[in-house]
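For reference, chains read A, B, C and D in written order, and residue numbers begin at 1 within each chain.
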């Protein structure tokens, strides 16, 4: 099993190298100009006002919040899916209870308007 | 040195090094971005400990979901970097002392205790074994987590929503 | 070959880093990041004990999964609190949040 | 000295997969996209470089290599530079678990991981972090808005993808992709799981930010979304990430629902490629058929239709697979 992940580690390392290779090439061969306007932030040709790093609306947070909870619910479904068929009907009912509670959460978020992009 | 030992030291260095960036960087977004290699390093350690299912979950939840949540929260407050304000309070000395004392204590405990090596072997296929365990012995825990998730979802929506 | 103690030492150092962030940071989000590091340290311990002390049972890994679940819940609720506090008090710096009621 | 052999095999495998993705999937994919869109609009498309314009993207890549290396002066250099590595790398990591075919000595796959499907979900979730980093690091209003929207969209559509993966894992009783393909020896899962297949395809389209879910890089409002500030080779690397992710999603759909490399007469690898390009054609067809969603429609569609339907589909599947059939 460790051998599998050794392969994956080499894949990631060699892959990072191969992705950086074009960056190294452009660092070596690309022309350089000394023309400050070129390094301005692109804003349709208008001079940039202020930083882009400004405050965002809370709705982004609400969506990612519901996402995190559902993502966590799904991680419990993976081990269940692997063994469910060998365990039989009990596994189905256990999962049904779990999923019903999950759907309750979705219904609550829906009713409270956390899923509206207002 | 065996391959496993090299992997261990590299992963430990990655985890602790990025952890150091997380706690010391003045730029909040750099801190949050450094969380990703810290979590991935810990993932590697789980794999060395033959817990590949936990490792997969670690990447999916920590690196893929919690980091996004934290990045969103940073961008929703103060609009990003936090470079404009002081990030450290006056307790730097105390903090270092407390952290060092805690580390020393834990390391002493970890090295002095004679851990008894258990018998038995790890099951080769962890997702299956975890599923068995969840649906047989730990069924209450399994259903309990869904209730915990439901309550935290409701609570978080209640708190985060604009009152209007 | 790294043994149990090696993993415990790494986890202890990671835990100490987390404590350092919690004690010295002013920003509530940064403190939450410190807490995440501490939970990760706990998870490394749990999985290491699973392998070296009780390899027959899966309890360590099960518990690590539950810690990850609770960490996600904690992050969701904690950050929601930070956002709520930011909305009413207009700060995320904990030493400036000094009212119990507004 | 057995380990040197393993390391060499891994390195060679990586180089083959990366080059194949870069040349066959991305370069040829971009050309195909331009040719197909031209065909659908009764145009000719690229025609002058090479026979029938076949070398157009090669020429484009060479051009991009010579471009000036521009980092905006207001950008956060570190984050700006690392995002460009994170996005394509996370997309390419998906290919570890995709079985391309089979030979006499076993399936043709980089590594058949025990947690294959979960690994796929985990690596593709890393793309989101890279996109947020790109949007934030550019310090450009269009890029940041595009990055935030992109992240909101991608995380939303990760849930239906996860549920579809769980449904297939339940059918096969395993998370390993090779076992899943072997489970389709008699019947492809698209026959028993048409709903899950549709959900996966729709969610995959959204996950790779393609039309009709391309509002994060809506040219008319957001310039180019999160990679507005990236030019030259960096832009090409984002294209690599985007097309790489699209081909990975299509390849995963083939593996999960269309029987992977299975098929009569023709060699397995050829079958895999035929199915893969059929799905890619569907992606491109959809692009020229549907208008763009609004962001609220896009999010509603996932939360209020796709996710309830996929939960229901999972329950029905589980009932038949676990209770009725055993």
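Annotations
Everything below uses one rule, namely that contacts are C-beta pairs under 8 Å (C-beta built on N, C-alpha and C of every residue); 3 or more make two chains touch, one makes a residue touch a chain.
Computed from a predicted model, the values in this text were never measured in an experiment.
Here the chain at the heart of the structure, going by C-alpha means, is A.
Chain centres here are Cα averages; for chain B and chain C they lie 6 Å apart. With centres defined as mean CA coordinates, chain D is found 14 Å away from chain A. For the pair chain A and chain C, the distance between mean C-alpha positions equals 20 Å.
Chain B and chain D have CA centres that are 28 Å apart.
Contacts with at least two other chains are made by residues 3-4, 48, 50, 52-53, 57, 60-61, 64-66, 68-69, 72-73, 75-78, 80, 126-127, 130, 134, 145, 149, 152-153, 156-157, 160, 162 of chain B. In chain C, 65, 68-69, 72-73, 75-76, 79-80, 83, 87 are the positions where the chain touches two or more neighbouring chains simultaneously.
Residue positions of chain D with contacts to 2 or more other chains are 113-115, 118, 136, 144, 148, 151, 155, 158, 175.
Working note: touching chain pairs come out as A-B, A-C, A-D, B-C, B-D. Of all residues in chain B, those touching chain A in their complex are 3-4, 7, 44, 47-48, 50, 52-53, 57, 60-61, 64-66, 68-69, 72-73, 75-81, 124, 127-128, 130-132, 134-136, 139, 142-143, 145-147, 149-150, 152-154, 156-158, 160-162.
On chain A, the positions that touch chain B within their shared complex are 1-2, 5-6, 9, 51, 53-58, 60-62, 64-69, 71-73, 75-76, 78-84, 87, 90-91, 94, 97-98, 101-102, 104-105, 108-109, 112-114. Residues 3, 27, 29-30, 33, 36, 52-53, 56-57, 59-60, 63-65, 67-68, 71-72, 75, 80, 125-127 of chain B are the ones that touch chain D when the two sit in their complex. Looking at the complex, you find that chain A touches chain C at residues 58, 61, 65, 68-69, 71-72, 75-76. Against chain A, in their complex, chain D makes its touches with residues 6-7, 10-11, 13-15, 17-18, 65-75, 81, 84-85, 88-89, 92-93, 96, 110-115, 117-118, 136, 138-144, 148, 151-152, 155-156, 158-159, 162-163, 166-167, 169-170, 173-175, 223, 228-229, 232-234, 236-237, 240, 295-296, 299-300, 303-304, 307-308, 311, 314-315, 318-319, 321-323, 326.
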